[in-house]
Amino acid sequence: MVRIPRRIFGSPLEHELGFGKNVTTDGRMMNPDGTFNVERQYLSRWDNTYFHLVTMPWAWFFLLVLGSYLVLNLVFTGLYLLVGTDQLMGMPGGSIWDEFAHVYFFSTQTLTTTGYGHISPVGFSANVIASLESFTGLLTFALISGLLYGRFSRPTARVVFSENVLVAPYRNGRGVMFRMGNARKSELLETEVQVILAMNQRDDDGAIVRKFYSLPLEISKISFFSLSWTVVHEINESSSLLGFSKEDLEAANAEILVLVKGTDEANQQLVHARRSYVATDFIWNARFRPVITRNPRGLPHVLVRQLGAYEELAG
Amino acid sequence: MVRIPRRIFGSPLEHELGFGKNVTTDGRMMNPDGTFNVERQYLSRWDNTYFHLVTMPWAWFFLLVLGSYLVLNLVFTGLYLLVGTDQLMGMPGGSIWDEFAHVYFFSTQTLTTTGYGHISPVGFSANVIASLESFTGLLTFALISGLLYGRFSRPTARVVFSENVLVAPYRNGRGVMFRMGNARKSELLETEVQVILAMNQRDDDGAIVRKFYSLPLEISKISFFSLSWTVVHEINESSSLLGFSKEDLEAANAEILVLVKGTDEANQQLVHARRSYVATDFIWNARFRPVITRNPRGLPHVLVRQLGAYEELAG
Amino acid sequence: MVRIPRRIFGSPLEHELGFGKNVTTDGRMMNPDGTFNVERQYLSRWDNTYFHLVTMPWAWFFLLVLGSYLVLNLVFTGLYLLVGTDQLMGMPGGSIWDEFAHVYFFSTQTLTTTGYGHISPVGFSANVIASLESFTGLLTFALISGLLYGRFSRPTARVVFSENVLVAPYRNGRGVMFRMGNARKSELLETEVQVILAMNQRDDDGAIVRKFYSLPLEISKISFFSLSWTVVHEINESSSLLGFSKEDLEAANAEILVLVKGTDEANQQLVHARRSYVATDFIWNARFRPVITRNPRGLPHVLVRQLGAYEELAG
Amino acid sequence: MVRIPRRIFGSPLEHELGFGKNVTTDGRMMNPDGTFNVERQYLSRWDNTYFHLVTMPWAWFFLLVLGSYLVLNLVFTGLYLLVGTDQLMGMPGGSIWDEFAHVYFFSTQTLTTTGYGHISPVGFSANVIASLESFTGLLTFALISGLLYGRFSRPTARVVFSENVLVAPYRNGRGVMFRMGNARKSELLETEVQVILAMNQRDDDGAIVRKFYSLPLEISKISFFSLSWTVVHEINESSSLLGFSKEDLEAANAEILVLVKGTDEANQQLVHARRSYVATDFIWNARFRPVITRNPRGLPHVLVRQLGAYEELAG
């Protein structure tokens, strides 16, 4: 049986998140990496082509580009073979397979506009195909050129989050905290963080509804995100988390949504990062290990890879 | 005879829309797709070249590019023929038409910088033309490269609107509502919607003037436009729509202007969407069918194509 | 002798413009086209290269590109001639001038990577030069490609202003007004205008200083700049222009600075436009002619080219 | 022994800078050029590739591009040699070294897609390599094309700061001032400056902590950064600098952080500039020399190179 909290302290969210009231009472709404746990129907598959092409991993992108190169060459090879290899001058003799290979390589020389010329089109049809192929080649590489720039220049932050949320001693009581670091060389300016608690609750009729609470932070905006940043919410008498145990949070299907935004200094664009924590990500009574050391020249050195390191506390 | 409302409730618009007071008392001001029903004179046709090239449909764009390729080749073919084909080495003999075809294909090989070399320029004039043609080719494809990127990276939202505005039961009374969905894979952040009612009215002198009223919404801003969004204006005692029948709205040439803006997460750019509804788009006493289901994995699934589906209510 | 106003009504500017207090008491501060009447020393001529390349007129840009093409080819021609034409295979014989021409054309075939091959490098030095030339060619056209896109995508508004500022009857008194139009097809959203009056005055010590006053407007922001916009400042008891004659304005070296900003819908970028009017641009007792007509389909039609048309009023 | 101030006047910073409380009590936090004196660990060296490629000096960038061209050609030359030069048609005979050179030059002709054709691939393996090489070449130059545009279009300000901070007579007392100039041709709009004083202090327990104070300015925002701008903080009774001598500032390891932001008019992008001054950069009892003269046409002329020129005052 699900234990549903009777009373929640703290400030209900003053703005709508956009998840509605009835949709998502089980499962997490946000995946750990900040994408939404929602599926959408699209009107046309083309609507998202550019999105996919600039967001797919680099390895896939290069495979796709290489694959397109192979396929385009195969298509044009087929066309040349269709109109007959007697329309190509300079073809060396040989088996069917040799002929195919030479036409294919002639096609690559045309698509890339290399055009050595030891094989060249002389017949009318082959010439028409070749003139379209070199045109297609230039268009395709113009397109790839644009996509490469689109991929490079896309505003993305590389904010690293600790794997866990710690419940640690803070001031005279306890605080909920996680740690973030900037894993890029370019500075993040005017970085803001907002933390939202999502929780199942029973409304007056006893129905389960999902409610959202803002968790106020010790510091919610910094001018320069140069070092690491331990984001802290104090569990005081006005905190929505007051009195909840780990079991309570699990029962209420609690989820902590972290929304970060800042300005990337390299291109002055606004960037966003998101992270979601669920109840099982909570570590009770632990604190983060230091993450800033001094390098040999005495400068502060942020060990981004050890952002999540913590130690459990006695008692 | 046009029935003109005597009294309008609700809040007159606190900002100017920019349509003036006397211009548009008949016909709709905004087309259903959000473009304005206005014609403007331009100082120079070149001022809007880039706008047209990046906003025209893809099919037209590719036709234009292909057409330019053909025309450029015809122009250079004409120049080569003008200076004489004896300036080209390697020309096979043949009829006038064969000669034209070979010069044309030589031109395509030069414009795309393929340059097989079985035909090549040897005379001075042909060499000058060829050096300009390959230069032109590179410039043209550089330009196309930029246009392709401009088309891809243009900030556009793909917000889908229901075809109709429903007047449906809402709380203890009735509400005016339409539904929107995000038909892109990339999230829309901080999405805001503003709804304006435009209506003809008689001023104190009895002249017909067009007035604008803001329609307050149940929710006018959401953090994540991930699911569908039913935008609702309650027809209460402070609503400008209180007491109007469908006939009243038609008589007053009423128009509902919907202005949406948000931030596309993929490129962090602000995007806008607009929609206009007129009196005949209103369905009285109906409600939207559910549009969010569960997919096989239990995730919410937004059926964007059925956004506008509604059912009429009894009574 | 310069007549200096004793008393100025209205609101002094609450923010600093950046012109200082003592610098510009004679001559206009802003040229009619909105550029500043100031010269700056630059640290390095390269600092403004990109700025010049994307802002110069198209004709100059293409001349510069064509010029670079010619100069680059001349430089490489010189290098080939330096190492000797015996390093090039396929050179036809002829006079010195013929030789130069053929090497030059070979250079153009290499720079554009056309490479017909009827002339080709065989010597070591010529091969080194050719490999650098084709590399240079690709880099240069990559650069031009970027510049073309930079020129196209630069956020610019095309706001047209009336040539004159009219002093016309307005409400129960008079108003100062000018007219603006959007000469682009893409809409300008959330357009704001700010009007500042700059004027010489005597301070308490009798010295001439330049002071700035904000001129409040009837409407200073519109949602859609779709039609024309007549910007009006009423000369009422709180106006800084109250009681001034044309001669007074000239004596005080008065200048009206118009600052417009809005969001271009095509690329969602903020754009600015500026205009400056001096005392001799004022027309007293005149009003603008209508600029919006109906086109054959009944739509409002903005005659942008007649924005400045006015008629003098009797009396 | 470090003399630590007992009492600080003025307003403590109302927002967090992001440097934490305990990290940086010795050494400067910001380098004179505005970069931070912090080292960060990165998750992957690829995360900062684009950042490095668009921010490295132009000379290094061109060296890197040229180096890549040489290395790519060497790699492909190795592959051709591996499969045997008998797969290449048209190879002139000669020594091993001659053979290497000819294969290398064939490679350059393929990578740049020049393809003269006096040497061309006829064997299967050489053809496969050549088809990959021309493909690689086009991809590489597409990438360079994108990087060149990324470098050009990166939003950067070129704000020049005086080398020193002067303590000069101001109004009835003294002021701390430095001077800035815009060394670009494009205007900076809505330029804001914020000045922060960082200083070591003893907290109640006697521990040294670093505290931050806002230094209010005579003018902190200007509409047009067209001329030079002398930024002034008055040392009055509410100033955090009141009563400090040069030695006090050095003892407290004082640092003045200057944060400038504005909108570059050429591309309408927000740009930032930063500068840091330490105690030894202070000049006591001096004033800046004039930096604005009149050019022959009577226009104000800003001598940006002499921004830092000052003269010491008697007494």
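Chains here go by letter, A, B, C and D, matching the order in which they are written, and residues are numbered from 1 within each.
Basically, a contact is a pair of C-beta atoms (placed from the backbone, for glycine too) under 8 Å apart; a residue touches a chain by one contact, two chains touch by 3 or more.
As the structure is a computational prediction, the values presented were derived from the model and not from experiment.
Simply put, chain C must spin 90° to overlay its Cα atoms on chain D, rounded in steps of 5. At the interface between chain B and chain C, under half of the residue numbers appear on both sides, which makes the contact a different-residue one. Compared on C-beta pairs in contact, A-D and B-D come out with A-D as the pair having more. Summarising the inter-chain layout, the chain whose CA centre lies farthest from the centre of chain A is C. Each chain gets one centre point, the mean of its Cα atoms, and the points for chain A and chain D are 28 Å apart.
With centres defined as mean CA coordinates, chain D is found 39 Å away from chain B. Each of the following residues of chain B touches two or more other chains: 113-117, 145-146, 149. Listed in rising order, the residues of chain A touching chain B in the complex are 15-20, 23-24, 26-27, 36-43, 47-48, 50-52, 54-55, 89-90, 110, 113-117, 120-122, 124, 127-128, 130-131, 134-135, 137-139, 142-143, 145-147, 149-150, 154-155, 259, 269-272. On chain B, the positions that touch chain D within their shared complex are 113, 115-117, 145.
Residues of chain B that touch chain A in their complex: 65-66, 69, 73, 92, 101-102, 105, 108-109, 112-118, 141, 144-146, 148-149, 152-153, 158, 160, 181-187, 189, 191, 219, 221-227, 229, 263, 265-268, 292, 295, 298-305.
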